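Lettered A, B, C, D and E in written order, each chain numbered from 1.
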Amino acid sequence: MKIGFYPGCSLTGSSREYNESVVAIAKVLDIELTEINDWNCCGATAAHSMNEELSMSLPARIMAMAEKQGLTEVVVPCAACYNRLKVTQHDLKDETKRKRVSEILQLPYDGSIEIINVLQMLEKYGAENIKAKVTQPFAHKVACYYGCLLVRPHSILQFDRVEDPQSMDELIKVVGGTTIDWAFKTECCGGGFSVSRTDLVAKLSGNILEDAADRGAEALIVACPMCQSNLDMRRGAINKVIERPSDIPVIYITQAIGLALGIDAKELGLKRHFVTVEL
Amino acid sequence: MEKLRERAAAILADGTVSLVIGYEEGTKRPRPLFCHDGESARKLIFDSRCFHNLAVYLTKKELVGNGRFAVTATISTLRSIMQLYVENQLSEDKLLILTVDLSGTLREFVTFDEISAYVEQFELKRSEREQAILTRIEGMTREERWNFWQEEMSHCFKCYACRSACPLCYCTKCVVEVNRPQWINPWPAPVANMEWHINRAMHMVGRCTACGACGDACPVGIPIDLITRKMMEDMAPEFGYIPGLPVKKGNALSTWKLDDREQFIR
Amino acid sequence: MSKIGVFICHCGENISATVDVERVAREIGGMEGVAHAIDYKYMCSDPGQTFIKEAVKKYDLDGVVVGACSPRMHEPTFRRACAEAGLNPYLCEMANLREHCSWVHEKGEETTEKAIDLVKMLVEKVKKNNPLESIKVPVTKRALVIGGGIAGIQASLDIANTGHKVILIERDPSIGGHMSQLSETFPTLDCSQCILTPRMVEVAQHPNIKLYTYAELESLEGFIGNFTAKIRLKAKSVNYSTCTGCGACIQKCPVKKIPSEFNAGLGTRTAIYVPFPQAVPNKPVIDRVNCNYYKRGACKICEKTCQVGSIEWDKEDEIISEEVGAVVLATGFDVKGTDFFPEYGYGKYKDVLTGLQFERLASASGPTFGEIRRPSDGAIPKKIVFIACAGSRDPAKGIPYCSKICCMYTAKHAMLYQHKVHDGESTVFYMDIRAGGKNYEEFVRRAIEEDTVNYVRGRVARVYEKNGKLIVKGVDTLLGGEQVEIEADMVVLATAGVANCGSEQLAQKLHVSYDPYHFFAEAHPKLKPVETNTAGIFLAGACQAPKDIPETVGMASGAAVKVAALFSNNELVREPIIAVVNRLAPPLYSTCVGCFMCETACPYNAIEHEEIKARDGSLIRTIARVNSGLCQGCGTCVAFCRSKSIDIQGYTNEQVYAEVMSLLND
Amino acid sequence: MSSEEIFEPKIVAFVCNWCTYAGADLTGTSRLKYATNVKIVRFPCTGRIDFLLLLKSFAQGADGIIVSGCHPNDCHYTSGNFHARRRWIAFRSILDMMGVDVRRVQYSWVSAAEGSKWADLVNNTVADIRALGPYTDYQKVADYLEKEVQDGEA
Amino acid sequence: METKYISKSGIEQWFKSIVDSGKRVYAPVNSRDQIEFKRVKNLSEVADEYVQTTQSIKASVYPKAEVLFSYEKEHGKVHLTDFNPDSIPETVLWKVHPCDAAGFKPLSAIFNWDSPDKLHNAHVQKTSVISFSCAMADESCFCTSVNGSPGNLAGSDIQLTMLPDGGAIAEIVTPKGEALVALSPTVFEADKGEDKTKYLVDLPARFSLEEVNAKLNKAFNSTVWKEQSERCIGCGACAFVCPTCACFDIQEDVHGSTGRRIRCWDACGFGLFTLHTSGHNPREHQSQRWRQRLLHKFSYMPARLNVVGCTGCGRCSRACPVDMNILEHITSIAEQ
């Protein structure tokens, strides 16, 4: 399996472990990742609230570069980047907008590239194929947490059941884990306020953590750097506002799968988390 | 080929069929042959040079009569036969198909399902000639295309070889022969010629199997087959039909989808 | 040469104010084939029509063009006038000089010239017009009513009472429909079954009504006044002519845990069953999917129990054919299940119910005999939350329309709950309260004010279970958007009313159109609410859109009157604007080559196969023929026919060609 | 620019009886004004409109054409407009291949309730065709016969 | 008749003088991979090496479509404008093959068999033919079997036979030819006594017209027509490329109150050609139409118009989509 790869800024900064684990499992699964040349920031969280043309041009440039490179399918692990690229693709179906953006970029853009997230990539790779490579089943009871950006807006992303997504749960089951049925799968972690209103983050993330812990989850599984950092890095603050402080770790789906594939915890970046991972 | 001759002679001899339509050597290239007996079946050939779409004869009652007949069919011919079948022009009990597959083996088909299953294996691709001219046309501005076709159309003298060679032009009275009203002027002139060819392309929507017989037949070398070819390529994905593998009921223009394209509609 | 008469109307000053009508008449008078051209103040008036009639006779006209208002306005008027003067009415055409010219342009040269062009166009058309005869078709005075809910019951009774025969088919084992499931009805709170069951019995006993339960429409062919319905009588496995309905078999049936459809899944039933005690007919059927004998080949306990030997194991579905002249569609609606709502638990929480399930809980004939108890543990819920607009008015859910009845029944539910659980606490989350109807608003006020139901204006984002409670997270928009969290014992969703399953396929069988939500489409939203676009097929009740009982009954009676009006004619007269396939002398017979692509293009199944045979009976050719009863005259086939073998009367190729050519001639 | 210099395009409109014709009636009853260039030919349904009529219109000297009928799902005959829509998709593709100026055919859905849309459609189309100028390309060759006889372009 | 020599440069000069005289000059031109007669201004446009043009030069004297007259109707009266012979410009056909030039006679014979055809005759009168004898032929050519030859002078006003030095033998056949010579008299030098036949392609006769004629006279009810025509698809390609086929149709071109009556090419191979309004068709089957084509050329025309209706140009065989080879078919009849 060959596929284009757009890491985005988070994966080269605060969420290096996400990048490391994606790369590590790709290696074991024989997925050839081709990074987009000279990629740029997708503009997420800020651009689209400030300047529409900018918010479309940034992701469009990424996709135009990928087109230029001859890629047809690109995996975008970061949920925010994934969301921005997909939304831009949708917006640029409008011919006027597409023309304008091509003009700004001075690059041809035809919007033909398929943008997928990590879960979709693994689904495409095939549950059976993953199962075949599992060496140490991930025998844990976990809570799969999807957050907002991966599934919303459903009309554009068309990914999974919007209120009760299942794809991550399925993957965990494939590698030997069990998942809890809980109510906070797509509740907001407070992502947008992660710098400005840390108190809100603590409260919102706290609700999520508390419900997962109450239902016996050993860990939270995520596929979004924003969620991961809120639930992990802000744990101190979170534990101050919730009734029963919790020390359950927050790990990426790629890390969980990596463990099942027998990849070393360090190689998966599991040592980089704030909340110690002992799984 | 020998097998084909033997088989043709045999089915003629035992009365399975009263006629085998095939190919024989012609002046320069192979040409259609009508075998009524084992004697003439010896002249039969079948190779890659056989380009005529013999399906054109299958709807001519004066030729095929009321009995059963056989035809040696190329892939193009088979595609046309499938379309004719969907259009209620052929029936299985009257027709026997002989063909030689890529490995040189003689194949026989009786049912349309068999033909369909066989045709399915062959992809329809642009030939080099088609590719070259279409690339040229596709690279033109609209004005250039207009001038290109006007020049081409000025050569058309309405001999209707395109119509006569097309297996799907089987109407007993063609629209150009309708004179109340006289939709298309019967004399050759660029606009009347173009109207005829646009009309022909419209009548081929969802039906043309891109066999190229019309283009081959044109004595003045107008690439008319590319009009239908291009239309077919544009429309096939849009309306989801595969030339030569028609759906059993309806065609591209007699059916519709709720979400058909309509950006051009204000 | 033609002798056309042209009559230009001033329409008072409506036309003459901007169009030089004298000039129009003068110039048209000079046209080839125009024998007479005049202008007059009011062509549609009595003297105006007299001018036309006299001219037809005096000049022996063979065509008339009236340049006046829109043909949609006065075409029938002038055609009638022509007919009275002895000219075939279809040789009269109108040029639209008012709506399409004088009213939309300023006074001036161009406006007059356009008027001249428009009249010229119709003169050229009328030269090509042919005299046509109206089409007469006989009427079979028997109606088919599909669906035995309150709509079908009412329509059947009304038609039957006008003295016409009715065939009523119902796909379930009993008629009654949703209304039989309801507890009490708003706004009077009278018992639903008490008012419905007498009508059900009346249907069963009416001499003019033939009732087929456990039956579905297989196909409908034909056209208004002349339909042939094929009806599938599903095998009941019980011989109704001998069965006494004693019920012994039901009591002995060992398969007892089948969720009861009548109780919306809250109760159970047996494999041989009568849906509910008041069913009509009150005789059982065997549910072959769940019956031990059909599943495993052994059991037959019911057979042993049956004193009269009514069990018929090998009975097969039977297809019968009925000739009918009209059809009333009364197939009703369905409600979305709780599994439609992922945010409300995807149907996995037992105590999240639909409104219909709550009806069963509140019904004295229901699984709890009218006591409100939780399905999970049988406890009486102390806190209950009703969520209105569950799915409705939510484009994201694909249901942007209002289901119309939920506001009222939710108020009723809350009221019933308060009446039954005195210490209970009920909350209704709503978007708007739509209580348009006689005594409806008063009813809702009563729920809020007298029965102290807590109405919260806001949506519920999520319901989830925690520690045996249902956590309802919503918002109160009237309190400044404050978030509300309620720990409830039971949640009732007023789920959206949707088209009944199979309605799309049924519509296709009947060739009636349907809206994007698969509700059947009425012919006109205002003026033809019970007609469909297919003549002779009428609508009653919630199969057209969600509606409440009085509306449904009203509509059913409306449909019944339409049927009765149709049946008051011995034959029908239709405009002859239909397609025809040309026929020629032998050896051509027709230019039609029988490709039958028109057959697939026709929206009305009006294309038939006609075999042309020689004298010895041998088949020469098969060509298309238009069934003049089915053809509605759209002309799609005409534009589609490659050899121009099919043409449409009134808009023939020659006519439209002449129009276009004349318009563009200088 | 003096009034003589303004090009007045000849435009013919093919409309269905139930939606656009009625819509244009409503334009009239609403007394909305529009250009006189457009003349309406009435058809029972857009499904009835033969593509040859469009070709003949150009050959006969039309500079532009309007084709209009009921919105999707509104067709009086259930599906005539859907058939028409497909026909126009194919027709446009063929015309474009032949180098015919497809901008000169304006397709539209105008319902019986859209009187003002009809006025706008006419005015916009007239403006568009006016900007494109007379369709001399087509008209020139349409009268080829004269030319052939004169020049003997055999 | 006079024979002269004209040099290469002489040809160029003469050609220029013809163009400069204002006459329209038509010559074979290589365009779109085909050789076709087109109006030319310069000698360089004229095609060189080729056996045959796709179409014959017939259209110069029998246009594909021609207005017989036009009219205008007004208040019940008709104003008629008849065909004006003066509207036809002087035309010179350059580099016509002898088989095309020979076609003028049968064509004129048909158009004038009962009453003179004003239009055709006007065209013929205004047209001068400069033929080039043939140095090349292919397997479809058979002029020598139908009273023709590569150096046949019938129908030509002047014939040139090209010589290796680029000059040509010029045979001035008619007064029209002399008039063309007069445009540039000095370039015509005295005949050098070259033997013309040396420069003609050798094309042995393939059948005897007399034999064919005799066979055809008895062949009306023969099965040969059906056998030969089975593969014929009934198009008009053969007729339209033929230098002598003269089937036409009369059509009306009406625009409101004005109209034109038009004569345009038609073909006896079309089923519609003989279809009656009643639906009856005297030539219902393709075999009958094929028979008509051959009998007309080889039997009816010789008998009635005293001219063979075929010049052996071979165009119909080349143009036929299904290889209906006229030479093959005629030979086989002759050999029967």
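One rule holds in what follows: a residue touches a chain if its C-beta (ideal position, glycine included) is under 8 Å from a C-beta of that chain, and two chains touch if they have at least 3 such contacts.
Keep in mind that what you see is a predicted model, and the values were worked out from it rather than measured.
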Inset, instruction - Ignoring chain D, split the rest of the assembly into groups that are still joined by touch. - result: one piece
Legend entry - Shortest chain-hopping distance from chain C out to chain E: 1
Legend entry - Shared chain contacts [chain A and chain C, defined touch]: none
Inset, instruction - Could you pull out the chain whose C-alpha mean position is farthest off from that of chain B? - result: A
Legend entry - Between B-D and B-C, the pair with more C-beta contacts: B-D
Inset, instruction - With centres defined as the mean of C-alpha atoms, identify the chain lying farthest from chain D. - result: A
Legend entry - Centre-to-centre distance between chain B and chain A (centres being mean Cα positions), rounded to whole Å: 54
Legend entry - Between chain B and chain E, centroid-to-centroid distance (C-alpha), Å: 33
Inset, instruction - Quick one: report the Å distance separating chain C from chain D, using the average Cα coordinate of each chain. - result: 35
Inset, instruction - Send over the residues of chain E in touch with two or more other chains. - result: 64-65, 253, 255, 262, 284
Legend entry - Numbers and ranges of chain C residues touching at least 2 other chains: 588, 601, 640, 653, 657, 661, 665-666
Legend entry - Numbers and ranges of chain B residues touching at least 2 other chains: 175, 183, 187, 189, 253-255
Legend entry - chain B to chain C touching residues, read off their complex: 87-89, 170-175, 178, 180-181, 183, 203, 249-251, 253-255
Inset, instruction - Write out the stretch or stretches of chain D touching chain C in their complex. - result: 8, 10, 12, 17, 21-22, 24-29, 31-34, 36, 39-45, 47-51, 53, 56-57, 60-62, 73, 76-80, 83-84, 87, 119
Legend entry - chain A partner contacts - residues on chain C that touch it in the complex: 341-343, 346, 348, 396, 462, 464-466, 471
Inset, instruction - Going by the contact rule at the top, pick out the chain A residues touching chain C in the complex. - result: 154-155, 161-164, 181-183, 211, 214
Inset, instruction - Provide the residue numbers of chain C that touch chain D in the complex, in ascending order. - result: 70-73, 96, 98-101, 103-106, 110-111, 113-114, 117-118, 121, 511, 513, 515-516, 533, 577, 601, 603-604, 632-636, 638-640, 648, 650-651, 653, 656-657, 659-661, 663-666
